[in-house]
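You will see subunit A twice below: alongside subunit B first, and alongside subunit C after that.
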Partner chain A sequence: MDPSAPLVSVQNVVRSFGGVKALDGLSLDVFRGEFFALLGPSGCGKTTLMRAIAGFEAPDGGRVLLDGVDLGDTPPHKRPVNMVFQSYALFPHMSVERNIAFGLEREGLPRAEVAARVDEMLTLVQLGDERRRRPDQLSGGQKQRVALARALAKRPRLLLLDEPLAALDRKLREETQFELKRVQRRLGATFMLVTHDQDEAMTMADRIAVMRAGRVEQLGAGADVYNRPANRWVAGFVGEINLFEAAATADCAAGASCAFQLDVGLTTTPLHCGEAVAKGQRVAVAARPEHIALSRAAPDQPGPVGAVSDLAFRGDATLARIELPSGFVVRALLPNASVGGARFARGDRVALSLAAGAATVLTS
Partner chain B sequence: MRREPRAFRAAALLFGFAFLYAPIALLVIYSFNASRLVTVWGGFSVRWYGALLNDERIVESAWISLRVALVSAALATALGTCAAIALARFGRFRGRGLFAAMTMAPLVMPEVVAGLSLLLLFVALDVPRGFWTIVLAHASMTMCFVAVVVRERLEGVDRSIEEAAGDLGASPGQTLWRVTLPIALPSIVAGYVLAFTLSLDDVVIASFASGPGSTTLPMRIYSAVRLGVSPEINAVSTAMIVLVAICLGIYGLARAAPAGGRV
Partner chain C sequence: MTRRSLAERLVLAVPFAWMALLFLAPLAIVVKISLSRSVIAMPPYEPAFDLSLGWADALDKLGQFSFAAYESLFDDNLYVDSYLSSLRLAGVATLATLLMAYPMAYAMARAPVAWRPALVVLAVAPFWTSFLIRVYAWIAILKDEGLLNHALMALGLIDEPLNIFGTDWAVLIGIVYSYLPFMILPLYNSIAAQDPALREAAGDLGAGPMAAFWRVTLPLSRGGIVAGCLLVFIPAVGEFVIPDLLGGSDTLMIGRTMWTEFFDNRDWPTASAATIVLLALLLIPLALYDRARAAGTERVL
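Up next, the complex of A and B:
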């Protein structure tokens, strides 16, 4: 079999609940050994997609292929896919080791083999000392690790994780993120993670699908999604961003660069255009707060000038909100490392400028 | 001024409990009465308990009652659990509402009506009445209680636990046997004990369904009392109260048990 062929291929899957289309003709491919994240706001259909892949939801249309084979009506217990549920769904009447052994026993593996794999998993998730406890005697983080071990013990071709870290506190979440990455790399397994936390998606995933209302808005590496959002919605959803209304200053072919005149009164350096734009065409120019520079405004400063309306200390940087006379608010991230650099206080009048080439042109 | 309502409330509570339990307390006390006269206290004695064991008819009836309760509760538990699973897990199948209503109807059905209709059925089918007809009658009366208790438990269980079992490779049958039923076990035990208790102290339905040679203990007590209360009857009633109290204790513990708890 072609190793570059996708492991999972979701093709035009539709699933409606009453009038609501939880999945609206969604397609995506996940490749072998990949750490894939589904990122999207609450209710956009992430769980429904996972459940469709695991076999708990029958799609109204479209198909799900695993290794090129249509899963069709294959019931969940016959799919080589395992899921870590958001609620963990541990068996409350079984000890940690019985929980982990459950799936292996269903495969009819010999006892010695089951015991060996359970031990291996307990070592992997570092729960050897808790093996005889029941789920109600475990902490949230430990339960999460049991759920992970239980699913991984089956050596699934694809592991689905539905917001497995949502219930953990910040510190434990970071540790567990790290742990998941480590496990995934060590086993060379394919992981598909659901999250509505963009930092989590960025930290962990090789590729991210940004979902909205049952569709994929953008699919790509974390850096691509962050630096080159496909449209206004993705730009607004992933990370903090300033969206400037703008017009093209010249005709520009797809892939070429041209300058844009921002409505706030600033002309950009030439920006890369993914699609062809005509002179005067209205677009949005998206710039991250870290790509906005501030300087003290001279009395007769040309270009956009505003007043600092708020400063939020963030440790390594300070986020400034600058209110322009039009009422438009621009956010700028100022690194704190440059001791003795320009310091601003609330009420200061500042001039804005854009780092060369750092902004993204959005036609939709 | 502020103390009056409190005193009043205490008195009301006392009166209420006295109303409920004084007759039972009296019965228990008089079962230890040395005197043969029911209303005259003649000192403490356990002689009536001794006399019970020598009364063949009472011992025989007690044995019948016990067997009826054990068997009918088992039958009711099996059927009631099936009904509960159908109601809590099979989604919205056709006729679900009707099925739910018909399963629960015996909860409020007048016992006399239930008993009489069973009697008519047994007569129409020409079934000789005896031990097994009482068992059937009691099972049909008590299975709805089991269904209610088990269903309540099942509906409180996170559905994704059963989905996880399927996800890990368990067929629907294995999921039922290894996950659903063990999790519901405390409620199944509670249902059994409840059915056992209800069967043990039923007079009305048993009277309709019994035949010669299958007189249950409550029926025996009831007919004995019509000839006058004897200290022996007090003693046998006290024994029943103790048994029922133990059963209700088990029932309460089992219902409160966590899913993973041993019963």
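Up next, the complex of A and C:
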């Protein structure tokens, strides 16, 4: 088997519920050993995609291949794929170790082998002391770990995790994110994680598929999705961003750089254009709040000047909202560590500038 | 500790008063009669308390209580045989009801959500007709020249009519038919309450539909099974109408034996003693159930 071939290949999968297309011709590939995240708003079809891969939903169209083999009508219990359910779905009448052993016994493994693997999993998720407890005697984080151990014990070729951390509080979630990452690296397993928390996707995943209404809007490494959003929707969905309406100042070939004239009255430094842009063509220039700089406005300041309408303290930084005379609101993130830096108060008049090369040109 | 208001106390007192009035008071009367002696009079037992005669008289009569009626239960084998036969018939009938009801309850619980209320109504629909009439109807079905035999002979399955009516088989059929809804409903509840994700998880972990049923669905419906079996077994043991209408002269059930004792022999103390013994017998499965439940919260399967 070609090691560079995808482990899972989802090809043009369609799944409709009544009139709603939960999956609308979706395609994506997941590679061996990868930590892959599905990120998207509620109802965009993330769970449906996972269920189609696990075999709980039969696609109306398209195929799901695992190691190049069409899974077709293979029932869930015959797929070498395991799932961690959002509700964990632990068997309430079985102890932690019986839960973990369940899948191994179904394979007909010898007792000794089952016991050895259960021990291995209990060590992995650090639940050795809780092995005889029942699920209702466990905390949320412990249940999550049992669900993970139960699925991993089967040594699946692909592990599907449907928002496994959604029910955990913030601190535990961070710890568990770290744990999941550790386990995945140690086993060299392929994980596919569903989340609608972009920080979680960024922290954990090697690659992220940003989904919207049953389709993939952008697929790439977290940094790419964050720094080079493919379109206005992704830019708006992933992180905070300012979208400036703008026009090209010159013809620009695909891959070349050129300056843009923002409608707010600012000309950018040359920006990389993914697609060819004609002079005067309308585009959006997307700039993260951390790439907007503020300075105290002189009375005859050229360029965009606005008033600080709001300041939100965020610990390491402060998010400022600046209202321009046109009513357009720009968000700027000001690091608090810069002790010598300017401090602003509400109502201050400030001038805006864009960090060189830090914005993205969006033609769609 | 918070002090309860008078209104709260009253609200709490209502169910207790209800229990005392409708359960404990009749029970006390039956116990009292069971300790009396049978006489030919009205009432047909002694001593009969009369508070107008004063407390001293009542105390004196207390001394006349005896366990003679209980001892008379063992004078011949009739009572012991009736008890054993009732327990056996009710046990077999309960098992048969469970085996019939489980697939029905399972199908109901897995039906589309929109259908379920209608299915529950259908399951209890027989209650719209009088119990007595429904049991009577079975006579027409089961008797030698009845509907069942006609149908079987028309189909060529049998040459001679089956003799079901007037046997223990007819009693079994009658009990299973009459008590089926009491088994279906708790089973349905316990199956419908199971998180569908549990079955999916079983499938995901490699359990085929059968394994998922035996390992997950069935053990998780244990509460419904126990509740349904108690709801069928307990009234079935004391059943009178079904053995009387469908059974034969040799069908021995304690309900019928007590009926004869009360109304034909007018031996109220013996009938009352038989009732109390039956009650004690039926407390055994309840106590076992309670113990199992208490242990179940500790024990891990």
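Heads up, the rule we're going with is that the second predicted complex is superposed on the first by the 364 of 364 C-alpha atoms of A that agree within 3 Å, B and C clash if a C-alpha of one lies under 4 Å from a C-alpha of the other, contacts with A are read in each partner's own complex, and residues count from 1 in each chain.
The definition used in the following text is that a contact is a pair of C-beta atoms (placed from the backbone, for glycine too) under 8 Å apart; a residue touches a chain by one contact, two chains touch by 3 or more.
Not measured: the values here are computed from a predicted model.
In the three-chain model built by superposing on subunit A, subunit B clashes with subunit C. When both complexes are overlaid on chain A, the residue A:S87 reaches subunit B and subunit C alike. Once the two complexes are laid over each other on the shared chain, residue contacts for A:R150 go to subunit B and to subunit C alike. Within the superposed three-chain model, A:E107 lies in touch with subunit B and with subunit C [touch as defined at top].
By the document's definition of touching, of the two partners only subunit C reaches A:R98; subunit B does not. Look at A:P135: by the touch rule set out above, it reaches subunit B but stays clear of subunit C. Looking at the shared chain after the overlay, A:F56 reaches both subunit B and subunit C.
Across the superposed pair, subunit B and subunit C both touch subunit A at residues 54, 56, 75-78, 81-83, 85, 87, 89-94, 102-103, 106-107, 134, 150-151, 154. Remark: subunit A residues 54, 56, 75-78, 81-83, 85-87, 89-94, 102-103, 106-107, 134-136, 150-151, 154 touch subunit B in the complex. Listed in rising order, the residues of subunit B touching subunit A in the complex are 158, 160-161, 163-172, 174, 178-179, 182-183, 185, 258-260. In the complex of the two chains, the subunit A residues touching subunit C come out as 54-56, 75-78, 81-83, 85, 87, 89-95, 98, 102-103, 106-107, 132-134, 150-151, 154.
Within the complex formed with subunit A, the residues of subunit C that make contact are 195, 197-198, 200-208, 211-212, 215-216, 219-220, 222, 300-301.
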